[in-house]
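Presented sequentially are two complexes of chain A, the first with chain B as partner and the second with chain C.
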Partner chain A sequence: MVSKRPHTRKPAALSGAFAPGDPVRVAKRPVLGHCRTPWYLRGKPGVVAAVYGRFRNPEQLAYHKPGLPALVLYKVRFAQGDLWGRYAGPAGDHLEADIYEHWLEPIT
Partner chain B sequence: MHDHDHDDHDDDDHGHGHAHPHAPPQKDHDAGPAGAYEVLEEAIRSLLIEKGVLTGQEIAAQVDLMDSRSPALGAKVVARAWADPAFKRRLLEDARAALAELGIDIGTLAEFRTVENTAKVHNVIVCTLCSCYPKMLLGVPPAWYKSLAYRSRTVVDPRGVLAEFGVELPKGVEVRVHDSTADLRYIVLPMRPKGTRDWSEEQLAALVTRDSMIGTALPAAPGKRTPSRKKAAA
Partner chain C sequence: MGRDGAEGNQQMSEPERKNMLRQGAKGRAVHDIGGLEFGPIDRSEHDLALWEKRTDAMLILLRDNKRRVLSVDAHRRMIESYGEQEYDRTTYYEKWLRSVRNLLVEQDVLTREEIEAKMAEVRAKHAKAGRKAAKETVPW
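== the complex of A and B ==
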């Protein structure tokens, strides 16, 4: 029923490849099986809003694997105008989602 | 208009007060044969117990724990944050520790973040992948939160969805959608309603609705739920 999903919260393990403010793009790749990166965000540009620390890889946990090494998880901010061809609301509207590091690419 | 064709209804016309027919008998939810998922759940549950992974008591205790959670718990947290700015800061910085101060253990399954509504930002929570929800503070999610319509439309047309909930926001207010895609659960800290200056935490909590903590509503206006009775009690 309830699967235990322990995670590490050691400050030393917090830092990853990206820092708040970094422009990033969500990788555009297909994946077989369980994945926590929504399709509608793949290939989309955003900005790192927060670094949440390391969490076990859900793509492995879903199949009873240890999910290690744990991945850095980021909160990424997307401008709604970048997500949808015809976003109806004002340009200031945003969407935030939590994305694991292996799905993020730097925008240079 | 009421053109139902229930068998039980044809003994009466609907125009006359107490002569209403009884409601058609409702079937018990378990009257039919068990569906595939029910069979699967029962099989897995019995296996887990037989193999000693879980006991029946542990399962019952978890069900009790979930049943003990309700939006009243979240409302208490919001009211404290409104009443105590230092608590609000701690809540926004480290929700787990702040909630522990109120004796609320959010468990180890997920991290918690509180997102604050301001005059410039209105937050709304969704989970497009499944139905992640801050259960440890709000209890079992409403059915609409898990619906495909809410989950898909909130990300692409949040203002349209909010309008259907009766929330119309000026264009100058940013709508910020939080898609709970991973290990964090979000709860919205709504704005404290005007006209509640010297209210007690109990009075404030009465204004905090479940939906206002999801972001699909604003807290009740103080005028609508008059505090006089509660004021006397406080």
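== the complex of A and C ==
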């Protein structure tokens, strides 16, 4: 049976260290040069919402390098209340961001 | 705006140009300001000038599979390399224009001397024809 939800399938080429539903934390580290992980998410806990597949590393592509090996890219969901010190919106509000695997750490 | 002599008479709203103090920014890069207090967002739209459309077209052509002069990631990196003041006071396509030009030099397609010579030539042509050419240049 063919799944109609490719993001939840896990063929070998797509699979990474994390699966949808896994709790993760964005690494809290400084970076020199181009990087797509925003500062306000660093060190924050979230949950993997989807696995997009493998993509060339933008941190290397930015310097005209091949960006290989390709990295697994995830959609990660964060509770707004975890991101901002004084979030005034409803408790269920969340934010989703695309984060590459090398920026994610498991929460055990 | 006046980057393109032919567009000089067009009425356009000017985007707001202001510098913001990045309080509590710590080690953030200049563009990475999500969550800092910057006041309300200016959501007003403005018509695109001819030079802005051309800048957009140049980026698309230079990153296609035939040319591969630049990537979106290199473009982002170049935009993020602005100093704080220049980053804040330049508009969207001014950032793009500087990036496209600098990447052409970085990738050995054109030299800085060739670009500056051409700029002087175009400015002189407009001046000779009695058209007002902007004194402002895009910083390297």
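The definition used in the following text is that the second predicted complex is superposed on the first by the 96 of 108 C-alpha atoms of A that agree within 3 Å, B and C clash if a C-alpha of one lies under 4 Å from a C-alpha of the other, contacts with A are read in each partner's own complex, and residues count from 1 in each chain.
Operating definition for what follows: a contact is a pair of C-beta atoms (placed from the backbone, for glycine too) under 8 Å apart; a residue touches a chain by one contact, two chains touch by 3 or more.
None of these values were measured; they are calculated from a predicted model.
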Requested in this report: With the two complexes overlaid on their shared chain, look at chain A and say whether chain B and chain C clash or fit.
Outcome: clash
Query raised in the report: Can A:30 be said to touch chain B (first), chain C (second), both, or neither?
Result: second
Query raised in the report: Given the touch rule stated above, what does A:84 touch, chain B (first), chain C (second), both, or neither?
Result: both
Requested in this report: Go through the superposed model and pick first if A:40 touches only chain B, second if only chain C, both, or neither.
Outcome: both
**Report entry** In the superposition, chain B vs chain C on chain A residues touched
**Finding:** B
Report task. Quick one: classify A:93 as touching chain B (first), chain C (second), both or neither. Result -> first
Query raised in the report: Given the touch rule stated above, what does A:62 touch, chain B (first), chain C (second), both, or neither?
Result: second
Query raised in the report: Pick from 25-33, 115-123, 205-213 or 223-231: which stretch of chain B gets in the way of chain C?
Result: 25-33
**Report entry** Residues on chain A lying within both footprints (that of chain B and that of chain C)
**Finding:** 36, 38, 40, 58, 83-84
Report summary line: As the complex stands, chain B meets chain A at residues 45, 48, 54, 59, 62, 108-111, 128-129, 155-160, 171-172, 174-184
Query - Residue ranges of chain C touching chain A (in the complex, touch as defined) - result: 26-29, 32, 34-35, 71, 73-74, 76-77, 80, 107
Report summary line: In the complex, the residues of chain A that touch chain C are 30, 33-36, 38-40, 58-59, 61-64, 67, 83-84
Query raised in the report: Which positions of chain A touch chain B when the two form their complex?
Result: 1-2, 4-7, 36-38, 40, 52, 55, 58, 73, 75, 83-84, 87-90, 92-100
